[in-house]
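In the two complexes that follow, chain A is the common piece, with chain B as its partner first and chain C second.
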Partner chain A sequence: MTGRTLKYARSIPLALGLALAPQFGSAELAKLDDGALSDVSGQGGIYLSGDVSINELGGPIRNGYFGGCEEVGKKCGARVAYRLKEDGGWFVLDDIRGSFAFEGLTLKVREINDGFAGDGQLFNREVVELGLPNVVRYNDVQFKLAGSSTARPTDPGFQQTDIFSIEMQGDVTLEGNLLVFPTGNP
Partner chain B sequence: MHRHGETTTTLHQSPFLKAGIIALCVAAGPAAKAELQGLTETELSEIDGAGIGLVLEDFKFAHGTDVQNGRVFKIGGIKSSQGEDVEIVVNKLYISGSGSNYGQTLGSVNLGRLVNPFTIDVVDGNDIGVQDKAVLSIAAPTKVAATEGYNCMGGGGAGSGVCSSRPSTATFVGERPDIGLQMNVTVGSNQSSNLNIHAQSAVIDGSYLRLWGDNDRRQLVGQFKLNFYTPELSINACEQDGTNCGSRIRMSDFALELALGNEFQPMFLDVDGSGNFVAEIQAIQKPAPGTIGADGLRSSSDPATWDFYNDYYTNPEYRSNLTIGNFSVGNRDFGSARVEGMLIQHLKIQTKDLAP
Partner chain C sequence: MARPMTQTRIACLTPVLGGWLGLAAMPAVGELQSLDDSMMSSISGQAGVTLELDLQTTVDRLSYFDDGNGIHLENVRIGSATDPNGGAFHKIDLDIEADGSLNLGYLVEDRRIEFEDVTLPGAPGVGMGGLFFDHNLQGTFRLSPGSTLSPDGYTFDSAYTMTGGRIGYRTNGNEVFLDDITMDVQAMGVTMDVVGDQLLFTTPELIGSYEVGAIRYSDNPLNHGSSTDASTGLELPSYGGFKGDFNLSGETYIGGGGRVGQEGIRIDSNTQINSANFIYLDDGNTLGLRDITGHYNLTDLRIDVDKDWNGREALALSVGGLSGAFNIGRIELGNQNKSLGRLNVSFLFQDQVIRGQSYTNALYLMGGGHADAGPQGLRLGAQWSLQLADFSYTEDNNRVIFSGLQSWGQGDVTVNVTRDEVQNGTRFFDGLRVGFEGIKGGYRINGLRVGDENAPLQGGTELLLALGFYPAYDFELDGHLTLGAGGASGEGLTINSDVQIRNGSAALIANPYDEGAGEIAQTGLWVSDLNYDMHIRDMTVDVTDEGLAIIKGEAWSTMDVGNLRVGDKSSGASFGRFVVQKYEKGSSMTILPGGAGDVCAGGMGSDAASCEASGGVWETRGEEGVTVRMKHVLARAVSDTRKNAFTWESNRQLDGSGNPINDSGMKLVLNDIYTSDGGDFDGDGVEDNTYGIQSDIAVDVYQTRVVKKEDGADSRGVVGNRGDERIMDAGAPEGYRYVANPTAADMQNRPLGFAVQAEARFKELSINNIDLVHPIGGAQTAVYGVKMQNFDIKANLTATPIQ
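Coming up: the complex of A and B.
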């Protein structure tokens, strides 16, 4: 690890130390030298498993009063509307529903100084590595792309034209690592 | 420092908040009289932070429809001109390493290079011809000098072309993916047809999407450049279950360089009142009367105006090209095709709802 990332990795324990200091009134802050600093290490990385459900069934209750997703006039999916022009219509991602689950998304800092058919040696820096989970399990994931006259379906004068919709279900293969780093000359 | 210590006793659970307060205390002392001042557009456009570089290493993506195993991938909501529902069942969509044999054997591939990655950045508009604007840029690896790049169609080592992404070798997966889409298209109650599109060892170097805001029209504007090179783009149709395929239509050495919008004629994006999507490229303004001489030469014209139009007509960046090295169906060759130097003067695309 180079000094730059050490600085980030250590900022949290350092700040905690500062925060606790007043409770030990007589203690003095002493600088850590480079040798001592190099013995401190942050967590090696994070391993994530997830199960995310977005409006999959429209919530826990389905009855005559609260209704169900299939009823006309009821909306279950999430909606993201973006206006491209002042006083213009709205570009919409609509009816976003479904759940997806993954096992083994990893996040860590990695130093690259070889490999990549020679690029690694030239690069010689650190990157944030997001390890993709190999398989993402989709369950009834769907969304629509649409253009709409108003931001919400309940606004007066609402008119919407769906451009197309996507529906996905089952295992999606997603392998590899996403490497993220600043460009330019930091 | 004692003052800061007192503050921290109540905040020790939140190092971030604490750090913020310390920073505020420190800043507040010596600079108590300073006021925050707005930056002008010109000053803002001088700001150039580092962007984000993205590289996908050993990447593989595949999804499709396999009803028996619970996999479904459908695109719907499209209507034919007769108002019938069009349903597209995606049997397979893949991004794989090259040599996948039309998606039969998926391998891994790198996308982007560490020394020339995909980037997301806010760039100074003055550097790219968009005056005094901050421009959001999403870009593929850039093209490089022909002395160090690789042939965009593959074949040849360093110094053989202007593409940065490298083809695969025996020891390296390369940065050029095989991309394919196999789908069944059903129109209304008609029997569906099976359509397959595959691109081998594809390169999109030099492509970008740039977005910014237009003050006068108060609207999102953009500039889109798509470069797509592949040594073989093929299309074929099969029976519904994917077997018994017809002749493969092959386009070898396929190169598409599409330029939608430029700094003088950006592409305006909008949704109209009835919910239809509109993309428009405005016509370039005509020169003021008398600024271009009757003989069209620079000597008889206003030099600045003449230079402007000369650049507009000659700059290859503004033009779209499509070249196909060889077009063949089955074992019949139809030779090469070229459409070069298309300059979009005016364009307006509007989606229309055909539903009754």
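Coming up: the complex of A and C.
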């Protein structure tokens, strides 16, 4: 759009525009209803539903630190460690587990050349549209945030301080569309 | 026993007839069948002339001329297959019946027909390579006056058995050949008539079977048509064997007159595949294409000695049209009698214009092959034009059709039998080398149809990405694929390959190119301005007891996407440049027949009751489908080209034409991504890396739940409320309706989609560093290492194409 941004929003529970350049920061996008889709071309796409679980029974490592979820005293979740200084400590997301389910995530490329209180006509270009599922159900999603002296918990000198834990349970409402389009200088 | 030599002119009758019959038998497939004794006795002569001879014939050059242009078979020989200086035994019983029919009974032993090279005057010093054909033949042939069309025609009845056969192709002392061929063929009631200025051959029924014991490779110039190596005495390596049977019928018109000039050959034919089976054998394990039926029509095939579009002299085969369809009833893998499902393909090769350029279907055969591989080889100047094809996959009676496939292009394909060596700076490998030189082409798919051919066109072709197949692709292709003999153990394939794609555009998401009102610009999400280098070393392919096993020795690639565009592939807005580098050692993939079977979606439980008690949905996805087990072992970086890395570059400077200049913008680099087992457990001083990223993916075509996301009318005017389920209904105006509370019967008519059960796990996945790179200031490391451990991700997903 290079200077032309969708400006007007209408009843947006959650409408996101993800742009890979900063000028999109001021944009607000309105969701299109099914009928409005008939005004645009190239309506193919896919509709995704399903459930995803992480380390439901444990991961593939079995050692003094990691084990099956039935093993007392061992962690069965996944672990991510990263560091921002060359010789610094490691930020850790540890014991990541849980599952979530969704229904109706859609993916398509479509042209916006109408709607949005007239802004669509000015916009007049294609976007990648992620149609968000109405509800995402989280079940026992949990992880710990920690600081560690080493990347692996099995490395010599390993010390770790768990800072806090997060647990998620229940439904998250995600409505509307996530529109992804390039802007700025490629 | 010394056998008398006889006149060559008479003796040559048998090879001519045998050759003609051999050509007729080529499409055959299946299980071996014996000839019917009563049928044979009815056409055997009881009295007449018996001829016996040992035939040894050599011809320095045999030439065919078309409008003054010649093509030459060099050093033609007919003689013994086992003794280069010996003759082939022939015995012919000949008699004429009271109705005037000519009866031949023939026995041929130890015969080789071969020529050492095929040359064209316009290409001195190079040739296409040589062919040899060894065989024993026993059969009968009856020629009767009169046909079904006319008393002036002829009727042929033929039946023969070939044993101990070999057919080989030889270039520069290396050869690939079909070994230990056995074939039985019966063609009764074949008629020949003159229709207009053409000969018409009508074949009411051509039935037969064949078996090829092995496809062998030799790199020893001392070997020629032998199953064992002349130097070592060891059996030559094998690609595996195959067998099959067939039942065909059809008619063929043969006339004079080529595409150019006054002379040449024209062939038109139509063939019905009444039944056929094909089975590939690898150490006794099978890949079977069973219950094949179909038909094809060949229109206006012309054979000329002509020049190609680059003015190179060649044997030219050009086709007016080729259309047809075939159905493979079962695709079996392994020895457990499991099927992937059913495949159906319809196709039409015909001239077309793509983006202003005309394409046709033609093949120009020239000598030479790859320029560095030696003087012998085959170069095919090829142009293809697939105007329309649909291919459908059916498993457990659920069918998905990939509709509107078009393809076009032209370029050179070279074929050489090569050995492991470096010649003139080019690396060659053991095997049959298929080279690509300057091939410029593309393909595109219009969309998906679910259920049958008349279903509405839908999106979803991007689901093919899971198989590594882009929904649309334009490319310029160079490189080679060398197929070596022998797999991970015993028979099988070993593949070495180097392929480069230049100036490509591939769709990640593609909208239709024709929505029913004519061609439109195909929009989507494109990897454009694509340069892609791919290299594979020692990748083995084997059919095993349970499926198809592929083990990569070493593989590395660089996929440089100049622009990731949304919209039009050339002018759509760009997200910037993306470079994906891969380097794997010891990765593998196994393809298994059968999908997920019984699945508890959204819950846990091993039966319907426990699954539903946990809140899940118990699904019985059937016996067919496909399961893929993959292991990606990401190796540590050893050089700038052999590593795993991801780069995103944007804000590039523009050249005078407004095109972004690579390496002039800001980059985000995820450098040296690798897997590990998490330690040096075998004590060799190097961290173990054998586990990799392991993924099991089971795919079924299955009914999926699709709910309406908004109240009101949808894009086709069908009204429903948010949360209503879409139910397919042939009686509804748009083919479906929305239902708030679907019944059990409604649920049997849910839309078809792809149901995927997947599990991915890895012990350790690391990123050495994440850098931000300024074009002048250089790299600044933002993250000094990322280490992910102990992941096991399971998913039950359904992907449904939508409009």
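Rule of thumb we're sticking to: the second predicted complex is superposed on the first by the 124 of 186 C-alpha atoms of A that agree within 3 Å, B and C clash if a C-alpha of one lies under 4 Å from a C-alpha of the other, contacts with A are read in each partner's own complex, and residues count from 1 in each chain.
The working rule: a contact is a pair of C-beta atoms (placed from the backbone, for glycine too) under 8 Å apart; a residue touches a chain by one contact, two chains touch by 3 or more.
Since we're looking at a predicted model, the values are computed, not measured.
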For A:Ser165, is the partner it touches chain B (first), chain C (second), both, or none of the two (neither)? first
When the two structures are overlaid on chain A, which partner does A:Glu126 contact: first (chain B), second (chain C), both, or neither? second
Which partner chains sit in contact with A:Phe116 here, chain B, chain C, both or neither? Use first/second/both/neither. first
Output check: A:Leu84 vs chain B and chain C. Expected answer is one of first, second, both, neither. What do you get? both
Which partner does A:Thr173 contact after superposing on A: first (chain B), second (chain C), both, neither? first
Go through the superposed model and pick first if A:Pro60 touches only chain B, second if only chain C, both, or neither. second
Once the complexes are superposed, what residues of chain A are shared between the chain B interface and the chain C interface? 20, 83-86, 88, 90, 127, 180-186
Considering only the defined contacts, which chain C positions touch chain A in the complex? 447, 457-463, 509-512, 515, 520, 523-525, 563-568, 572-577, 601-602, 604, 650-652, 660, 665, 678-679, 691, 694, 704-710, 712-717, 722, 753, 756, 761-764, 781-803
Note: in the complex, chain A contacts chain B through residues 12, 15-16, 18-23, 83-91, 112, 116-117, 119-120, 122-123, 127, 132, 144, 146-149, 159-186
In their complex, what parts of chain A are in touch with chain C? 20, 33-35, 37-38, 41-61, 63, 66, 77-86, 88, 90, 101, 103-104, 106-111, 125-128, 131, 134, 151-152, 154, 180-186
Any idea which chain B residues touch chain A in the complex? 5-6, 8-9, 11-13, 15-16, 18-19, 48-63, 66, 69-78, 106, 108, 110, 113-115, 117, 119, 121, 166, 169, 171-172, 217-220, 268-277, 351, 353
